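Presented sequentially are two complexes of chain A, the first with chain B as partner and the second with chain C.
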Partner chain A sequence: MGERTRQVLPSVLSVLLALAVCWLTIALTRDADTATRAYLQMLWGGVGNWPAFLDGGSGTAVLRPLGEAAMKAALLTLTGLSVAVAFKVGLFNIGAQGQMIWGALAAALVGAHVSLPGVLHVPLALVAAAVAGAAWASIAGVLKLKRGVHEVISTIMLNWVAVSLVDNWLVIGPLRAVAEGASSITGTAEILPSAQLPRLLGESSRLNLGFPLALAAALGVWVWLSRTRSGYETRAVGLTPEAARAAGIPTLRRAGGAMALAGALAGLAGAVLVLGTEGRYPGSLGAPYGFDGIAIALIGNNHPLGAALAAAVFGVLRAGGTRMQLLGVHKSFPELIQGFALLFVAGRMVWLALLERRQKRAQAQPPATSQAQVEVPRV
Partner chain B sequence: MFEVLHSLLFSTLDAAPALVFAALGAMLSERAGVVSVGVEGMMRTGAFCAAVAALVMPTPLAVLVGMAAGAGIAAVHGFLSIRWRSDQVVSGMALNLVAMAGGTFLLESLYGPNGTPAITQLSRWNLPGLSHVPLLGALSGHAAPTYLALTLPFLFHLLLSRTPLGLRLRAVGDKPHAVATLGLSVPALRWGAVLGGGLMAGLGGAVLSTAVLDRFEQHTPAGLGFMALAAMVFGRWTPLGAFAAALFFAFGNALRIGLASSAPWLLDLVPQGFLLALPYLLTLLVLALQGQRGHAPAALGTPYEQESR
Partner chain C sequence: MSLEDASLDIRTGELLAVVGENGAGKSSLMNVLYGLYHPDAGTFQMDGKPVRFKSPRDAIAKGIGMVHQHFMLVPTLTVAENVVLGREPTKRGLLDLDRACDEVAATAKRFGFQLDPRARVDTLTVGSQQKVEIVKALHRGAQVLILDEPTAVLTPQESDELSQVMRGLVAQGRTVVLISHKLKEVLGVADRVAVMRRGRTVAEVRPSETTVSELAALMVGEGSRGAAMTGVPVTAGAVASTGLSGTGTTGAMETRPPAPSSIGASQEAATGPVVLEAKDLRATGENGRPALQGVSLTVRAGEIVGIAGVDGNGQRELAEVLTGLRKLEGGEGTLLGGPLAGLTPALAKARGVGHVPEDRLARAVVKAMTVEENVALGRHRQPPFARGPWVDFKGRRERTDQLLATYDVRPPDPTVALQALSGGNQQKVVVARELDADPKLLVVVQPTRGLDIGAVAQVHARLREAKARGAGVVMVSLDLEEVLALSDRVYVLYEGRVTGHFAREHLDERELGRRMLGAEGSHG
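Up next, the complex of A and B:
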C-alpha cells in the first residue's frame, strides 16, 4: 500500500461509513424508503436537480443549489485550513470559532462604517477580518510560547470569551444598529453595497467571490507549505521541534506565525459570511463553522487541498440538508454525518490495521520489514 | 439583605451539581492522563437518555440510565484513545459533534423541536430544623444531587490522596511507565478512570434534565461541559479545587441571572457579556500566571505505548 493511499483511504472510507451509518439511523427511526429518498433530496439540494434540468427545467434548478453548496464550502474550507495550518506546526486550534467571530465583527464594522469604492472596500474589510482573527489567535499563541499554557485549553476559553463579549454585549449593546423606523433590527448596521462580495452568477444563485477566494487560500497554503522555505520550516517544527531547533530553525517564530495565519484564515471565514451572505453581523453568529473546521481539517488529513476537498463534499451535503426537511428529516442531519465521519477518522489506526491485515491475507507472505509509520496529527 | 443572599445561595446550590459532577468526571479522566474535552458530549447524551428514560420509569432510575449513557460515550473515547492510541482531543471533539447533531436529530424526529415531554422531577428534600435558620436555610429544599455534589468532592479527595488506587491513578497520569514497572496495567487503570469520568459527566447531564429542568431541551447543556473543563483547570486538577471553582462559577451565574431580574441598572454599568466571559477570563489569567503547564498531569494527552521510553 503506497504512502498516498494510506493517507487518503481512511478518510474516504470514514465518510462512506458515516453516510451508511446515518442512512441506517433514518431507516430505523422512519423506514428505508424514506432514508433513500432523503439522501436523494440531499444530493439534489447540493449539486442541483440534474434530471429535472436535463428534462428541460430552468437553469436555476441547478445553479441555486450549487451556489448554496459553494457558499458553505467556502466557509468550511477557510475554517478547515485554519485548523490544518495550526496542526502542521503541532498546535491544535480549537479556537477557529472565536477567531471567526472577531473576523466577522471586524468585517461588519469596516463594511458599514468606512466608505470607499468597491475595489478597495472589499479588500480592506477582508484584511481587517484577517487581522482581527490573527490577533485573537495570537493570544493563544503567546500564552503557549511564553507561558507554556496548552493551546487546547486556552482556545476553548477564548472561544467562550469571544461569544460572551461579542454576541452578548457588543452586538446587542454599543454596536447594535440604530433602528430605522418601526422595524427593529438585530445585529450590527448593514454593510454598504460597495463592501458586498460580488455575486458571480447574477441573482439566480448566491455563489459569490467567497468561493474562489477560499480555493485560492487553499492553493496558497499548499504552495506555502510545500514549496517555500518558511513553510518547510513550519512543517519541520510540527514533526520534531527538537530536531528543528537543532537545525537552526526559529521554532518560536514559526509556531507563532502559523498560529497567527490560522487565526487570519478563520477571520476570513467570518468576513466571507458577513460580506457574502449575511450583510451584517447577525444577532448571533449561529452555525458553528469554527468547530466544523476541526472535522474538515482532519477528514482532509490536514492537507490544504484535502481540506478543500472535504469542505466541498460537506458543503454539498449541508446545502442539501435543507431539502431533507421536505421529508421531515431535520436540516442538521448533514452535521451528524460530519460528526460520525470525524469519529471514524479519529480511528485512523483502526482503518490502517484492518487494511494491513487484508493486504497481508491477500499476499500470503511475510509482512514488510519496516513497521509503517502512522501519521498522527499531533505529537 | 438576608433575603437576597438566601435566594442567591439557593439558586447556586440548585445549579451547581451539574457543573460539579462534570468537573469531577473530567478531573478523574485527566488525572489518569486521558484528555477529556468530550465532557460536553457526554453530558448531552446523559441528559437526553435520562429525559427519555424518565418517560417510562421512575426518575431516580432514569438518572442511572443517564449515567450509563455518559459512560457509553466515554467507552467510545476509551476505545479510540486507549486501545487505538488516537489523538485524545480529536476523539473528544468528534464525540461532541456527534452528540450535538445526534441529540438534535433524535429530538426532532422523536419529539419535535420543543424538547421531550415533561417528566416528574427528582423530589426535593426539606431538611427539618434548617428551613428557618437564616442563610443555612438555603441548604434545605434541594433534590438529592445537590447533597451528593456537596459530599462527593471530599470522597474523591480521599480516594485520590489516601488510597492505593488513588496513588495508582495519579501515577498513571504522571509516569505511566513507572506504573507498568510495578506490574500494574496502564490501560486497565486508564479505562477505569475514563469510564468513571463518563459516569460522572452523564450524571451531570442527567441532573440538568431531571432536577434543574423537567425535560431535555434542544441546546442542553449549552456549553456547561466546557465550563466544567474551565473549573477543573481553574481548580488545578484537584477534586476540592474543581469543586470550589464549580461552586464559584455557579454562584457567578446565579448572581448574573439575579441581577438581570432585580437590578437591571447595575447591568448597564457592567454588561452581561463581561460577567458571562468572567469564568473563562479568570481561568486564562490563572493559567497565564502559573505558566509551564501549570499543574496538569505530566503524561496528559500522551498515548501509552509499552515499548516507548
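Up next, the complex of A and C:
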C-alpha cells in the first residue's frame, strides 16, 4: 500500500461508512425508500439538481445550491486549515471558534466604520480579521511556550472568554448598532457595500470571493509546508522537537508562528462569514464552524489539501441538509454524518490494520516464495 | 527486516547466544518466537509438539519471556506495580499492593536480584530497570528468557553483573537466549552460539571451539574475512597491531573511497591549532543535580579526544554543553574562536561543530521524515538544500544520492521514511550528514552503540577520516575498547570531574578503569 493511499483511504472509507450508518438510521426509523430519497434531496441541495437543470430547469436550481455549499465549504476549509496548521507543529488548536469570533468582529468593525474604496476595503478588513485571530491564538501560544500551559486547556477556555466578551457584552453592549426607529437590531452595524465580498455568480447565488480565497489559503499552506525552508522547519518541530532544536531550528519561533497562523486562518473564516453573507457581526456567531474545523482537519488527515477536500464534501452535505426536511427527515443529519465520520477516522490505525490484513491475504494466495516482509507495528 | 530459511533449536537449561549483524534477522527471529511476527512458511515446535503463537500472550502462556532492548516499563509506577502489571493480585476487586510487593520480592530473592519492590522505576539506573524487566518475565513463569541486546545500554560493571545473572538463571534450570553482537562478551558467557546472516542461520558453534575473529568472519560472510577482523575493536592491542585499519573494507564498505594514507598515524602528537579550550566547566544535569563540577579540557585540530567514564558521570552533559544544547553555568571556554558561554545549537553549527548524539531517534533525526529530509536537517537553510526561502528538491536529492552511495546506506532510497531503515543504516545517515558539513569540531556520543560489526568499522573509519581532514573530535563512549582504539588522548570523567588525562602512549586499561571508579591521580 502506497504512502498516499495509506493517508487518504481511511478518511474516504470513514465518510462512506458514516453515510451508510446514517442511511441505515433513517431506513430503520422510517423506511429505505425515504432514506434514499432524503439522501438524493441532500445531494441536490448541495450540488444542484442537475437532472432537472438539464431537463430545461432554471439555472438558479443549480447555482443557488452550489453557492450555499461553496460558502459553507469556504468556512470549513479555513477553520479546518487552522486546526491542521497548529497540528503540524504539534499543537492541538481547539480554539478556532474563539479566534473566528474575534476575526468576525474585527472584520465587522473595519467593514462598518472605515471608509475606503472596495479594492482596499476588503483586503483591509480581511487583514484586520487575520490579525485579530492571530492575536487571540497567540495568547495560547505564548502561554504554552513561556509557561508550558497545555494548549488544549488554554484554547478551550479562551473560546469561552471570546464568547463572553464578544457575544455577551460587546455586541449587545458598546458595539451594538444604534436602533433605527422601532426596529430592534441585534449585532453590530451593517458593513459598507465597499467591504462586501464580491458575489461571483450574480445575485441568484451566494457564492462569493470567500470560496476562492479559502482554496488559495489551502494551496498556500500546502506550498508553505512542503516547499519552503520555514515550512520544513515547522514540520520538523512538530514531529521531533528535540531533534529540531539540536539542528539549530528556532523551535519556539516556529511553534509560535504556526499557532499565530492558525489563529489568522480562523480569523479569516470569521471575516468570510461577516463580509460574505452576514453583513454584520450578528447577535451571536451561531454555527460553530470553529469546532467543525477540528473534525474537518482530522478527516482531512491534517493535510491542507485534505482539509479542503473534507470541507468541500461536508459543505455539500450541509448545504443540502435543509432539503431533507421536505421528507420529514431532520436537517441535523449532515452534522451527524460528520460526527460519525470523525469517530471512524479516529480509528485510522484500525482501518490500516484491516486493509493490510486484506492485502496480506490477497498476497498469500500464491504460495509464499517471496521473503517475509514484516512491518514493525508503530508503538 | 526479513527471515529466509532460518532454523534454530533451543535446548532446555542452556545459554544460547544468537549473533549477527544489524538486519541479519536476529530480532525478527526472536519476534517470531515471541508471537509478535508470524512466519510465512516453516514450522515451530516446543517439546516436540508443533505450536503456533497468535500473539505474545500465547508465548507467555507457554513460558517464553522477552526482555526488549527498549524497556517496556511504566516509569511512574513502582517496581512491583510494573512486574504484576496485567496480572495484578486483588483483594475484594481492588489491587492488593502489599501482596504484589511480597510476591515480587519473593521472585527477586529466588533468583538473586536485589530490587526494592516499592521503588519507582524512573528513579532506578538503566541496569536496575533491566533487572525489573527480567524479574517481570520470570514472575510470569518464563522458562525461556529472550534478551535482545541487553548490554547495549549497560556499563561494563552492569554487563558483568548481567552475565552472572544469566548464568544463575541457567543454573536454576531456565533457558536463556541472548541476542548480541558483542562477540567477546558472548564467548565469555554462552554455552552455544548461533550465527545469523541475511535472514539465515549460517553456523552454530561452541565458544570453546571458536574465536572472536572466526565468529566475526561468519557474521560478515566469506570474502571479507580479513577486513571484518581488523575492524572489530576486540582489544586495544589487537586494533593497534592492525595499524588502525582505516583502509580495510568489509562487504558493507566496498563503495567507500579509499581513506587517506595518513590516517594510520594516530600516534603522532596532535600539532593542530586549538579548537576547544575549556576551563572549569559547570552545568546541571537533567535530574537537577550538578553534572559538571569543574571540567577543563583542550582539543586540537586533527586529534581524537576520548571521554571515558561510567555512564552518568557527566559525559552526556559535557557533549551537550559543547553543542549548545545545555546551558553553561560556570567556567569559561573558547570554542572555534568564540566564547563557549551563551552557545546555542545554531551558533555551534555556524562555527563548525558537528554532532552525532547518543539518542539518535530523539535528537539526531526526525524519524517520520524521509531520508533526504533528514540529510538536510541542520543544513536546510543553505545550498544545496535550499535556494532562497525554498527547499531545493533537486540539489537535496543529488547530494543525498551521493551520500547514500558513499556511505553505503541500504536501501539507497532517499524517499523512504528514515524509520524504515535499520539502526545501523540510520546511524550511517547521521554520520554522513555531520561529516558532509566538514566540521571543525566533531562531538560524537556513543557513536557505535547498538551497531553491528560492519557499521562499527565504518563509523570508526569515518571518525579517523574526519581527524585526518583536520577536525578535532571529541568522542564520548562507554565502550572502553572503543575509547582505547580510537583516542589520541583520553580524559576520564568521574562525578563531573576529570579524574584522569592520558596521552595515547600512556594509555593503560587498568589505570583507566581505576580512574573511572574515582581513584585520584595526578593529571597527565
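Note that the second predicted complex is superposed on the first by the 364 of 379 C-alpha atoms of A that agree within 3 Å, B and C clash if a C-alpha of one lies under 4 Å from a C-alpha of the other, contacts with A are read in each partner's own complex, and residues count from 1 in each chain.
By definition in this document, contacts are C-beta pairs under 8 Å (C-beta built on N, C-alpha and C of every residue); 3 or more make two chains touch, one makes a residue touch a chain.
These figures come from a predicted structure and were not determined experimentally.
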Between chain B and chain C, more extensive residue contact with chain A: B
Partner chain(s) touched by A:Ala243 [first = chain B, second = chain C, both, neither]: second
Touched partner set for A:Ala216, first chain B, second chain C, both or neither: neither
Contacts of A:Gly148 with chain B and chain C, given as first, second, both or neither: first
Partner chain(s) touched by A:Leu120 [first = chain B, second = chain C, both, neither]: neither
Touching partner for A:Trp169 - first (chain B), second (chain C), both, neither: first
Partner chain in contact with A:Ser230 - chain B first, chain C second, else both or neither: second
Residues on chain A lying within both footprints (that of chain B and that of chain C): 376
Residue numbers on chain B that touch chain A, as the complex places them: 35, 37, 76, 80, 84-87, 89-91, 93-102, 104-106, 108-110, 223, 226-227, 229-230, 233, 271-274, 276-277, 280-281, 283-284, 287-288, 290-294, 296
Complex contact set, residues of chain C against chain A: 1-4, 28, 31, 37, 39-41, 199, 323, 325, 344-350, 355, 357, 361-369, 373, 376-378, 380-381, 386, 389-391, 393
Complex contacts: residues of chain A adjacent to chain B: 25, 29-30, 92, 94, 143, 147-150, 152-154, 156-161, 163-170, 173, 291, 294-295, 298, 328-330, 332-333, 335-336, 338-340, 342-343, 345-350, 376-378
In the complex, chain A residues that touch chain C: 226-230, 232-233, 235-236, 239-240, 242-250, 364, 368, 370-374, 376
